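Next come two complexes built around chain A: one with chain B, the other with chain C.
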Partner chain A sequence: MTTINLDFAEELKEYSDDTALECFNCGTCAAICPLVHDNFPRRMIRYIQVGAREKILENSDELWRCLHCGLCTHTCPREADPGEIILGLKRFVVANWRRS
Partner chain B sequence: MTEKNTDNKKVGVYICYCGGNISDHVDVEEVKKRAEKMPNVVVARTNMFMCSDPGQELIINDLKSGKIDRVVVASCAPSLHEATFRDAIKRAGSNPFIYEHANIREQVSWVHHGEPATDKATILIASAAAKANLLTPLDPIRVEAKKHTTVIGGGIAGIKTAIDIAQTGINVALIEKSSLLGGQLNNLDKLAPSGEKASEVLQELLDQILTHKSITIHTDCEIEAVQGYVGNFSLSISKKSDNKIEKLNIETGAIVMATGAIPYIPFDGEFGFGQHEQVITLQNLIQILKNNKSTGSILEVNGKRIRNIVMIHCVGSRQIPGIHQPKEDGKLNEYCSRTCCAAMLNASNQIKENFPATRIYEMYRDIRTYGRGQEELYTQASANKVVFMRYEANAQPEVSLTRDSDYPFQVKVKDSLTFNEEMDVPADLVVLATGIEPDDVSGLASMMKLPIGTDKFLLEVHPKLRPVEFPITGIFLAGTCQAPMDVGEACNAAGAAAVKASALLRKGFIELDPFVAEVNPNKCQGHGACIEACLKEGALTLVEVDIDGKTVKRAQVTAAMCLGCGACAAVCPEKAIDINGWALKQYEDMVDAIVSDGFAV
Partner chain C sequence: MFNPRDIIETLANNVKQTTSPFGIPKFMVNKWFKDLSLPKEGEYMLITGLMYQFAPFIEKSTQYLEKYEGTKMASLLKYAKYMPGYLSGIGLAMMTSGKEKKDAGQPLKDIALLLQKSKVDFGYRPDLDNYSGILLYDMGDQKGFVVHAKKVAQKLKDAGIKKIITVDPHTAYAIKELFPKYTGISFEVKSYFELLDLESKDLGLEVTIHDPCFFGRYLKLSDIPRKVLGNLGITESEIRNKGEFTSCCGGPAESISPSLSNEIMGKRVEELTICLGNLKKSGADVEDLSTLLVRHI
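After this line comes the complex of A and B, so read on.
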């Protein structure tokens, strides 16, 4: 069970461009991702959309599997720029890691 | 009076290829040869399309030259072209009821193949020819019709129907049970999807209806009784005014039901409704937005700042047996209310565009933005950063009060867009997308014998082909008494019902099919069995007549009310009553033709 953090999108602006809400959950990014990891990076982007801040911190090791090949950003039909979002999440996690 | 049929008639048989639809499976030329040998058949012809002009000409020429005096067409289902061929016969100067139809497409070529198909086509034609031999010319029943229509219900559908009928020169009485015209429109604000103000739409129509000389408006009225038949209905009405009840009577030619629908009211405790004042319905939210004067960047309701709204879709709609809680009468609303998705998105967009700091989470089962301009509302809501979460019917969101949060509610949802993970969404306000429910008009419906569907909405004759008519001739329906509709759809239906009613009454008389019961006065002994068997109250009565100085009872048919069902003919011990165009002897000869082996060889 996760409690939604309504201010998360605002908090994230410091680390990443505000493009996650462009995503309409098509799953193209997860299909093209060569890491063959379950629903990556789609799930992370969804967590941002709904404000599941704690879920991102809990599953943050997933983020470091990303090689930044750019395929997801290249194929995203909504130009939500998933690659840049993942990079932003890394910055967010690092910043919060030290704090906790 | 039916003409006695003693001599054998000259029957012409016209067999259609239907461009291969029939002839691919039925040997049409072989059927023609067999038909030529049938009793009383004087000519049999074939054509690629009998319904085409050259096909119809074959029939018209044979009738005009006196070669034939009875017609059988073997083609598609009579629902398609019976009227076409009756019309051709009329143009040849003959009576259109000397016609019989054999359906050799739907009942033969589309379901049988090869020799059995050819044999069955032959048998159906033999049976039709046997009946044609006994057909007599009939005249349509002519009923005088009052050029007056009564519209029941003063909502948008009723008002629009009344105006459209009045514009064709027919007088209208509009009956409304409350003291106010406009119905549910009085409770709406900016209409989805195009954003017109409901009050302006209503005012435009009120300006027209209140000044129209041919429309009489009766508010605070209840209908107590409806009698009569098409062209001649009679309504007894009681009108409340100044604590006294006034009776009035309206004589009218046609009736339009526009009795509307009501919003679904959640039961006590449904998503916290009735227990917390910050759990409200869609209709409540529309009222709040209508009257809201706050100017800041955040919506305020009852003086409270609304930081986050959770909206729950499909409340009281699309209910599933075994999952949703039925009402006391066991009723579930299994239908989709259709209007709530667009109305919710419309409200969300208004909130986000005026109060951008208020956040919105919409929890839906499916978003059904089905109409023109509605999908754009969804796209707009996405652009306005409304967050959508999707729940399954068997895992409804749960609304509960919080203890240690500064938000009063948390809504637990299993979000299938986040891979079925469970989440708690904090909220200041919960809005339930309550749908549309049928109003209880069972009293009126039983007075007029109108059918009600399993969903408790009034039921039309045919959902596609006759959507604004009841099976009772002269009674129509429009608007949300039939199904959930938005304002535009209700006005569409109103326009259609108005045209139907006007076309019916325009001539001042109505011609009905002559297939009704007729009593043979020489045989009737006044037993009254037919009256007991009759399904339609008032269609058959016993009247006193003088015969040889004695007063005796005899059955009498009111042709305009007779349904032509034949229940009377089945029970008469004297065989003194029969149905014109579908007489017992005609049936007997049809059956004889079917069971005789002679034709299909």
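After this line comes the complex of A and C, so read on.
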């Protein structure tokens, strides 16, 4: 079962601007991302919105497929800055490893 | 796919120990300037950030990673962090042929020549020319990046440097955008092609331009190379996804998953520095902007 962590968005503030709540899940970013796999990066942003911290840690390897190419951010209609969100998640995961 | 944690910790350790992500000592990679007599000072300081110099080593290490991706050997990588950075780096340097290393320096020589022809007043000091740390930033090792960037920026500041010329998009982005934000030290940064002022010609050539992500989207500089080429009578054939909408060459995925990088690159080449190495690998007839320009001045 996935546990929901309501303070997750707060925790992430340390690693990037909290723009994830701007996202209305239109999927434009996932359509343009050169990775074109499994709804990336939209799915990760959804995980943040619903506080699925563990899901992100479980699937963290996927984050490093992101090329930081910026196409998603460039086309996002809501200025949610998905590219920076993914970078922020990488920082969160790295910090998490180093703590463990 | 490799375990990102092993790769990131290996790169981070290498940067910490040797200031190079691949653990190759600087004097072994940075040789391009040796037979040019470049001045040590000028209005601008040329900072290559060593990305061109690393290119053949990235290629070599990717070939090895590619071979082991998805095999049992891939899991051995985690032990790499126990190897001193220099040791693994020198190994990598020895596996890379002299010709590959020499070719990597050519664009830098070409760039220096183009700048001289354009009468730009610049100097070069290998002791100040360091890796920017951009890979650590991209990989999410924020702490490691900031520590490294502070050292590099401080050194430049102590030497009284105010204006910098960069040659690749990743170093340009690091010094122009990230250094002020994370080290508090700012420089005036120009990409070399912004300063070119070459004699006009009418060559009547046509080329296709691949805009690196960092030039096209992050630094919004894609119209400048087009102006420089236009001045020489070189026009651009149409390609889908250019300028701010440029597609990725796939290079940055290389160290984590060479097969994924190949997949992305294949897509780009059907339409048409890290990009260069990666696009070449697919067999396309590509060359660096500087090589093209030098041939025609």
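In this text, the second predicted complex is superposed on the first by the 100 of 100 C-alpha atoms of A that agree within 3 Å, B and C clash if a C-alpha of one lies under 4 Å from a C-alpha of the other, contacts with A are read in each partner's own complex, and residues count from 1 in each chain.
Note that a contact is a pair of C-beta atoms (placed from the backbone, for glycine too) under 8 Å apart; a residue touches a chain by one contact, two chains touch by 3 or more.
Every value quoted in this text rests on a predicted model; they were computed, and no experiment measured them.
J.: Name the contact category of A:69: first (chain B only), second (chain C only), both, or neither.
T.: After superposition on chain A, A:69 lies in contact with chain C alone.
J.: So in the superposed three-chain picture, is A:91 touching just chain B, just chain C, both, or none of them (first/second/both/neither)?
T.: Once the two structures are laid over each other on A, A:91 reaches chain C alone.
J.: Applying the touch criterion given at the start, work out whether A:6 contacts chain B, chain C, both or neither, answering first, second, both or neither.
T.: It touches chain B, and chain C stays clear.
J.: In the three-chain superposition, say which chain, chain B or chain C, touches more residues of chain A.
T.: C
J.: Who does A:25 touch here: chain B (first), chain C (second), both, or neither?
T.: first
J.: Could you look at A:15 and tell me whether it touches chain B, chain C, both or neither (first, second, both, neither)?
T.: In the superposition, A:15 touches chain C alone.
J.: Please give the residue numbers of chain A that touch chain C in the complex, ascending.
T.: Of all residues in chain A, those touching chain C are 15, 34-35, 60-61, 63-65, 67-71, 74, 87, 89-95, 97.
J.: Could you please specify the touching residues of chain C with respect to chain A in the complex?
T.: Residue positions touching the partner: 1, 3-5, 7-8, 138-143, 213, 217-218, 244-245, 247-248, 250-253, 256-257, 260, 264, 267.
J.: Which chain B residues qualify as touching chain A in the complex?
T.: Residues in contact with chain A: 307-308, 359, 361, 382, 385, 387, 389, 410, 412, 415, 417-419, 421-426.
J.: In the complex, go through chain A and note every residue touching chain B.
T.: Residues 1-4, 6, 9, 21, 24-25, 39, 43, 46-47, 49-52, 55.
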